[in-house]
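There are structures below to look over.
What follows is a pair of complexes built around subunit A, which joins subunit B in one and subunit C in the other.
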Partner chain A sequence: MSNFTIPVGPLNVALEEPMYFKVDVHGETVANVDIHAGHVHRGIEYLVTKRNVFQNLVLTERICSLCSNSHPQAYAMAIEQIAGLTVPPRAEYMRVIADEIKRVASHLFNVGVLAHLVGFESLFMHVMEVREMMQDVKESMFGNRMDLGAHVIGGVRFNIDDENIAYLKAQLDRIAPAVAEITHLYRTNGSILGRTRGIGVLSHADAVDCSVVGPVARASGINYDVRVKAPYAAYDRLEVPVHTLSDGDVWSRAIVRLSEVTTAVDILRQCLDNLPAGPTSCTTERPSIPVGEAIGKCEAPRGELIYYVRMTDSPRPERVKWRVPSFMNWDALRIMMKDAKIADIAIIVNSIDPCISCTER
Partner chain B sequence: MLESLYTPFAALLFPGGLFALALGLTLKGFDRRLAARLQARVGPPLAQPIYDLVKLARKRTMVPDVACEPVFLGAPLIGAVSMALAAALVPIPGFYTPDPVLGDLLVLLYLLTVPAIVLMIAGSASGSPFGAIGFSREMAMMLAYEGPLVLVVAAVAMRTGMGMGGLISFSLTDIVAYQQSHGAFLFDPVMWPALLAFLAFYPANLGIVPFDIPEAETEVLEGPLLEYSGPALGLFKIMSALKAVVVLGLGVALFYPIAPEGAAGLLVQIAKLVLLMLIGVTVVRVSCGRMRIDQAFRFFLKWPLALSVISLAFVALV
Partner chain C sequence: MNYVRTLIRNLIRGPSTEVYPFGPAWTPVHFRGRVEFKLSSCTACRACEQVCAPGAIRFDKTPEGLRFMLWHNTCVFCGLCEYYCPTDAIHQTDDWHMAHATAHQYEMAIRELISYVSCTACGAKALASAPNPAGVVPPFTAEEIEIQRNLCPGCRKTALAERGVK
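And now, the complex of A and B:
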């Protein structure tokens, strides 16, 4: 058996975004992994300090496509805290609706890509077809397939009427059985089980050491979900079960994501049933933002997303810093890939659902 | 039957060479189309494999600096030529019987290993680490599926040989003639284990899911083919299309060579190949995911090998 160094990335069919893994292999087994970043640095953290508070809402939404709702949400929460604004109850529910719609689409995308990496193209196509129902919801309710543009400082930009509610409920009724079927497939299909069980294991102790977040943490048995531990928006009034598994392998992460999709559908139904009446924003005019600093955090599809904002007397923030979930999960890759096979590299990388545009901004 | 087609014609035009290429590309077209339909896609036009070849023919072949150029460029040529020759060895029941001068089943078995060897050589000559990994995977796969294949062929040859009063017959002409007079092996329970083992050999030899491990796109980026482009890549595509015709035709000859005489025999053969491609290849590849190399190796040592040994024992004892 000979030793090679193989490049995975920065351009690689198995990665949707540019990241460079220098993998030393011994035969088919991984000996060492070097992770190099910096291929899509766009300077957004700098740009944010050159735009005013309201323009930044649009800019933060463009940091990442799959968590494009979580970024403006955490940002708006931080600004609202500085300005002392109270978001009206209806807007809080609407924020949850936008959040969970994105979560369904994001998780299904990741689980679908897993099937693609395993070489199971039919399952990939099927999962993407189911995900397309949620894409239809986004497009018809928000006018966009990826960026919802749901948030304003102090509330939400959109409103939904009875027609929207009926449509969303009908779509949820179509998605729920399809997701149940997909979950069953991932639990029983030999191809999926054979390639994902016991692969890329992250033990509970390692998970704690690496401070991983989101589905990666929950699949390693860490019961942590911002929606439950530090409820924001309307999550304190909703029933949000946290799904944890103890194996910490690629399969557990996929199953946690699929369970969260099912839960997200439930949460959406709860929201639609209990949607309070009232305004969707606390002010009709743009509020003035005083001097101050605050932290906003929310549960993005990939895990805990934290925003820190500091305002001085300028309309532009002096500093905005965000800590994205993928950043926390990167280091765990080294542990997961220890002694992995070449064939499993892409599957393991995908299992942390890496968001490189978030991490590098 | 056309008894005396002379050899160069058989290898270059019909049934090897051009005819087999056209047939192979059409089979690939059917395969892609049905796979697309099974995945709720529209799929490419039937002639897409031909368009691809035309496109590749018009491009330039890039040779990596670190590659060994003569081997790098020679490998695909050897592969394509060997398969064109192999196609001339496969009988079309009722229409074409290969000239014994060309060779028998044993020669065909040897020729069938050429594509795998050529891919291994190509992978290591390209100088890419992915090619090297493809090399080792291809070798492992070959070791895994060659054994069962030889045993299956031996079982068929023995069944024929013993039926004809001898011990073993490696002449495809005999195998076809025996089945035409005594009934196809497809309906012979003694041969069913061999048939199953042979069906497992298809995806492995044709390099499709679940055994497309040496060329796995998401793992080793097409492995040995990674550095190839233009006409050289086109030659590999030609090789793969011809190989489909050869191995599918071999399956028909070994297990169901019942066909009418004359031109109808040719049409029946084409219909059988298309059917076999769709059932034995397309449906398999859309209904499962890829195995890891160790899993595939273990699979072949477990099931097809056991089945082929059982079949050989049946044939010897019954």
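And now, the complex of A and C:
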């Protein structure tokens, strides 16, 4: 058998995002992977220092579409820490609601794309149709399908009336059985199992070495979830089970995501049942932000997202730095792809749910 | 195969997509679409200009007054302007029919003028903006707003003090 070097990407590896892999193959087996990034660098870290605190809420939201709620949330948490603002309890619960709605949609999207890459197109469309129920929820409650615009400094800027609560509950009642059915399919369907079991394995030891986060870590048996380890918003008052599996293959990562969707639906129900009354923001005016620095972190659908913000006496931050989950996870691709078949490359890349726009900003 | 049941059910249900443009498309009540500006409520505090992330909102000083400008082609429909407006002068409607020919690109903007007036009390040049309602108890009546609108900032303060507001 002869050796080749083949390019995979930079367009259309798994999702429509640019990532370039230079793959050395021996016959049909991957021998070495070289990852090249930098195709969607937009200079957002620089732009953030040119806009004021309030404009940045919108800018950080547009770094990435699938984690578009987690970015402003971590940013707002850091700013609130600098300004010493206390978010009212109702707003904390509503931040959880926004967070979990995004998580359901994001995980279903990734699991759907997995079916597409396996070649099971009708299942892909079915999962996307189920996800569409959550998209309708986002559009009805927040006014946009992707960019929720849920956060302001000091709270949230949407409100939930009884009509919205009834609508969300009705949608959850429709989504829960559909997700249960999808999970059963992913657990039993031969086409899915044949292409995902034992593929792209990341052992527990390798997962620790690579410091992977989010569903990728939990599928390799690492019990780490920011919502439990360092609760923010209202997560300390809610029951948040962490799902872990030990195999660390593509299938485990999909099942962890599907289990988290079920959990998210449950957390949403808990929030709606315990939603306290009161204001949704600690101030309706624009608070002044003093000099200081702070770190905010939250659990984005892909894992731990950390924001560092430093304010000087200017209305614009001097430095904002964020570490996104995909940055930690894509290094593990080298290990997952070792000795994989060329045909499995796309499935393995999709299994870490890579967010190139977050990572390269 | 267990998927066949799901497939048949989806087939019986028919298409999930909407027939738009041949029929109406569902639009939620809270949809964040085209922006509406109510000139009579604007206090010219310029909060919207400050929070506007893409810089779609701009206030320009002209010889006739202060001009409010909002470019829909630059707007990202985030809704921060509506949230921070103290008088609800700016509002997002559920209208999303924004596709247009390139020839009409300069019409996709709101241009309104807050004109200069002579203060009815002292005659100084002043902006005919709405008074800021923050902290005014009891709230302004429609008549009072019209009187305040034609006063300069100094005379507005005097009028408020005479009204007995802290």
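Basically, the second predicted complex is superposed on the first by the 358 of 361 C-alpha atoms of A that agree within 3 Å, B and C clash if a C-alpha of one lies under 4 Å from a C-alpha of the other, contacts with A are read in each partner's own complex, and residues count from 1 in each chain.
In this section, contacts are C-beta pairs under 8 Å (C-beta built on N, C-alpha and C of every residue); 3 or more make two chains touch, one makes a residue touch a chain.
Computed from a predicted structure; not experimentally measured.
Engineer: Once both complexes are superposed via subunit A, do subunit B and subunit C end up clashing or fitting?
Structural biologist: Pair status: fit.
Engineer: Counting only touches as set out at the top, which of subunit B and subunit C does A:341 meet: first, second, both, neither?
Structural biologist: In the superposition, A:341 touches subunit B alone.
Engineer: Taking the superposition as given, does A:147 touch the first partner, subunit B, the second, subunit C, both, or neither?
Structural biologist: Only subunit C is touched by A:147; subunit B is not.
Engineer: A:129 in the overlay: touching subunit B, subunit C, both, or neither? Say first, second, both or neither.
Structural biologist: In the superposition, A:129 touches subunit B and subunit C alike.
Engineer: Counting only touches as set out at the top, which of subunit B and subunit C does A:54 meet: first, second, both, neither?
Structural biologist: Second partner only, subunit C.
Engineer: Rounded to a multiple of 10, tell me what angle the C-alpha centres of subunit B and subunit C make at the one for subunit A, in degrees.
Structural biologist: Angle at the centre of subunit A: 110 degrees.
Engineer: After the superposition on A, what does A:121 contact: first (subunit B), second (subunit C), both or neither?
Structural biologist: A:121 sits against subunit B, while subunit C stays out of touch.
Engineer: Aligned on chain A, what is the least Cα gap between subunit B and subunit C? Give it in whole Å.
Structural biologist: Least C-alpha distance after superposition: 5 Å.
Engineer: Would you mind listing the overlap between the subunit B footprint and the subunit C footprint on subunit A?
Structural biologist: In subunit A, positions 122-123, 126, 129, 189-190 sit in both the subunit B and subunit C interfaces.
Engineer: Which subunit A residues qualify as touching subunit C in the complex?
Structural biologist: Going by the criterion above, the answer is residues 51-52, 54-59, 61-62, 122-123, 126, 129, 132, 136, 139-144, 147, 149, 152, 157-158, 181, 184-185, 188-190, 285-286.
Engineer: What residues on subunit A touch subunit B, complex-wise?
Structural biologist: 2, 4-7, 12-14, 25, 27-28, 115-123, 125-126, 129, 189-192, 194-195, 341-346
Engineer: For a test of understanding, state which residues of subunit C touch subunit A in their complex under the given definition.
Structural biologist: Touch list, subunit C to subunit A: 1-3, 6-7, 10, 16, 28-32, 47, 50-54, 76-80, 83-84, 92.
Engineer: Okay, in this complex, where on subunit B does subunit A touch?
Structural biologist: Against subunit A, subunit B makes touches at 35, 38-41, 129-130, 132-133, 136-137, 209-210, 212-213, 216-221, 286-295.
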